[in-house]
Amino acid sequence: MSEPTAAPAAPASAGKPRSLWQDTWDILKHRKIFWISFALLIMFLVMAAFPSLFTSKSPEYATLAKSMEPPSSDAWFGYDLQGRDVFARTIYGARTSIIVGVLATVGTVLLGGVVGVIAAYRGRWLDSLLSRIGEIFLGVPYVLGAIIILGSVAPVQSNPGKTMIMTVVIVVLAVLGWPVLARIARSAVIQAKHQDYVQAARALGAGPFRIVFKHLLPNSLAPILVYATITVGSYIGAEATLSLLGIGLRTPVISWGIAIADHTRYIRTGAHAMLFPAAFLSLCVLTFVMLGEAVRDALDPKLR
Amino acid sequence: MTEVLPESKSSNGTYGGALLEVDNLHVEFHTRAGVAKAVNGVTYSVNAGETLAVLGESGSGKSVTAQTIMGILDMPPGKIANGEIRFRGTDLLKLPEEERRKVRGEGIAMIFQDALSALNPVFPVGWQIAEMFRIHRGMSRADAKKKAIELMDRVRIPAAKERVSDYPHQFSGGMRQRIMIAMSIALDPEVLIADEPTTALDVTVQAQIMELLAELQRESNMGLILITHDLGVVADVADKIAVMYGGRIVENAEVHDLYRNPAHPYAKGLLESIPRVDLKGQELYAIKGMPPNLLDMPTGCAFHPRCPYRQEKCVTDVPPLHTISGTRGSACHFWREVLDGDAQ
Amino acid sequence: MGRYAIRRLLQLIPVLLGTTFLINYMVWQLPGDPFAARCGQRPCPDAYINAMRAEFGLDQPIIVQYWHFLKNLLTGDLGVNFNNVSVASQLAESWPITVRLGLMAVAIEAVIGIVAGVLSGLKRGGFLDNVITISTLILLSLPVFVTGFLLQWLLGVQLDLIKPTVSDGAPFVELIVPAFVLASLNLAFTARLTRTSIIENRRSDYVRTAIAKGLSNRRVVGVHLLRNSLIPALTFIGTEVGSLMSGAIITEGIYNINGIGGLLWRAVNDHDFTIVVPIASLLVLVYLLANLLVDLLYGVLDPRIRYE
């Protein structure tokens, strides 16, 4: 009622029909927060792909004599307990964190997406069964579930290989995280399922695969994409948390979480060895969260 | 029919003018897409015991005017650019907020289109009515509740005593609107603004609600501003009519004058688009075109793109509100031709 | 409502059974021997492992093991850990501390989160709103342990305002900062939820009606707007109680608090899972009961909800 522009707007924009993505992009490109997070994202991706562009030092090279030396012009972030360059280790840590975050998210999306779409599309008893199973997994608190699985598969004192432990962490994150995504996918598909065009496609005899891939998935894409972006951020944080507990990644993997875990006991004498990786970790999580939120706000006109 | 006299027939107060006067009101909305002039120099008035119908389609500025009178306009984006709203001679727009607040409910009350969303979903209806007495009159909870039950009886809600603790969603649409009415008349306001009070209701219920409003008005001698887009609702209850289009009043008339012989092409179009039994079988008239875009108003007369009487003058010159006789006015360059009824 | 509550309570049973089974399965049946790491870097002698397996019943089928677990749980016998200390007595000692920490965290997230959300929603786009929006974004991005270590370093080491670690018995004052850390993530969510619903409801018709009734601004906001806007925030806080408690493991680890989190932390490091199963089951129960409570509370907060 108080928006007099709503009613007469139609004749003004009688151009070609605009898609949701175009509208979203038009809003996004005026948002400062989007460009900031986008620039940070590019920076982190480059850092993960080509760490040597940022530092010429080796993250492995250790000079015990320099153990816990504070930041200086020689080593911007100082040296860690083993006398390794904190800056180099922080730069090289980006790769692990981002790989774990992204792959775990991909796993979550695949697992949750498949379950959600099947539940929504098939409905009936399968839907209730899958929803109950999801509830059971949600009932196990995240940290606890990770402790239990990782503690059994890769106990604290064991020394699993680099690829092995990364795979395990990725799988654990995805296994514990899928129910939320399944819910999102399920409700998006259920919403779309009752739309006329999907009913029409069904009436025309389109098979279930065609309906799911051509009609239902594109509709569910926006909320899933937003959730996934934010999830990459929270998984990067979760990976570090697990490393901190000693059940996640561990040496010889280079990651922010390990760097923090290795130096928690030295918080009084050399906080730098912990604070710099923590800052990068937080900034990286922030990047993904900010990006996801910027897209979500642009997609959802109600919150503008 | 009430005679329209320049002096007030209101018994309460010494002010000589009308009870409520809107004078040359201009309201704008500042949006990202530009400035929308929602109300452009609207002037109308209502006296005690009188019913003024404000008629217009959505976007004509009729609701915005009412919201401005009530002081419930969202500001920003809304902005009052000019004009006065005088209640018993005092300009409400110049009153400090605290004084203004006292006018709401006590002096001027309002009922809304959709009672389901206008009533607070988490409080019992009786509580919401009683709140008027508790806040404005400082009554105790028990006394206020008694008053609320009386009012619910008065607007004829069956078993008011049992239903006083029910929540809005537990009532039917018509009953909810009755509760809304009970709440608005709680403090015997002098002016009641009804913003499309029956639009959301079934046709049979519409008539009952209009009857109730008319009856309450007779009993308490309120001035009633009835905002509607439905000419059918107006005929039986209104004394005078203000037709709005594109944020302006395009015709001012006694209700029977307008029905007999409209003086503005838009009012004429509205009348002709009412289905009539005696013209059954004939094609129903429809006003061509779309309502104006408030962000990009047509030049000259806002109605000219849709007007069968259009001349070149209409594209260039904004028509003033021509006085036809007494209080009757029409904002059309060619009101004489419209009255005579020959297009082109 | 009573019938609904009972039905919901009955529905909890299969979920509880499923969850505890899952926990049992994950702890004892996943690849990797639960006793393999008991002997440091050297592999344990087979005889030791076999003895331990027999003692904890691992040589029996999973269903039988689960049945024993349930039977013991119902009789209140939580068994002993690998070092023969009663699990029940360990829990009795640490559980109250975690509950205290959890309640303080809930209070902090509710009060600060809701106040911040309301302030920022009411003055949308203002300076305070921007400050609060940015702060919540940062809180959301900082992993809890980063917030924990940061505050420990800043307040405990640099500024010397608090003790970096909590002393035995966990006195109230020393728990304030840990409780804030534990609450931080949920606090940010609560603030955002409140802000969004304030913004949405602010333009709602019933708020307009309340103004038209001639109510003071304070009453419009404090009664009509707030009552409606708190529903999502309170629901969120309630449903998150369970995960909040399990998040305590990190906070308690950082500040060296002897709650169940600390217990769990040490158990994981010793690779002693006897205590993990009861703790996990307990937390799951808290989570499920909290959810049920929220469901029932929801009907009180929002009369439109009907229980069938």
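Odds and ends about this structure:
Order of writing sets the chain letters: A, B and C. Residues in each chain are counted from 1.
Assume a contact is a pair of C-beta atoms (placed from the backbone, for glycine too) under 8 Å apart; a residue touches a chain by one contact, two chains touch by 3 or more.
Predicted model only: the values in this text are computed from it and were never measured.
Pairs A-C and B-C differ in how many C-beta pairs touch across them, and the larger number is found at A-C.
Comparing mean CA positions across the assembly, the chain most remote from subunit C is B. Centre-to-centre separation of subunit B and subunit C, using mean CA positions: 54 Å.
Each chain gets one centre point, the mean of its Cα atoms, and the points for subunit A and subunit C are 22 Å apart.
Touching of two or more other chains is recorded for residues 203 of subunit C.
Shown for subunit A are the residues in touch with two or more other chains, namely 2. Among all residues of subunit B, those that touch two or more other chains are 74. Those residues of subunit A whose C-beta lies close enough to touch subunit C in the complex are 2, 132-133, 135-137, 139-145, 147-149, 151-158, 233, 237-238, 240-241, 244-247, 260, 264, 267-268, 271, 274-275, 278, 281-283, 285-286, 289-290, 293, 302-303. Here subunit C touches subunit B in the complex through residues 203-206, 208-217, 219, 224, 227-228, 231, 301-304, going by the rule given at the top. Contact residues on subunit B toward subunit C in their complex (touch as defined above): 70-72, 74, 97, 101-106, 109-110, 112, 114, 117-123, 131-132, 135-136, 167, 169, 180, 183.
In the complex of the two chains, the subunit C residues touching subunit A come out as 14-16, 18-19, 22-23, 26-28, 30-32, 34, 36-37, 40-41, 137-138, 140-146, 149-150, 152-153, 157, 164, 196, 199-200, 203, 242-243, 245-247, 249-250, 253-254, 264-265, 268-269, 271, 273, 276, 279-280, 283-284, 287-288.
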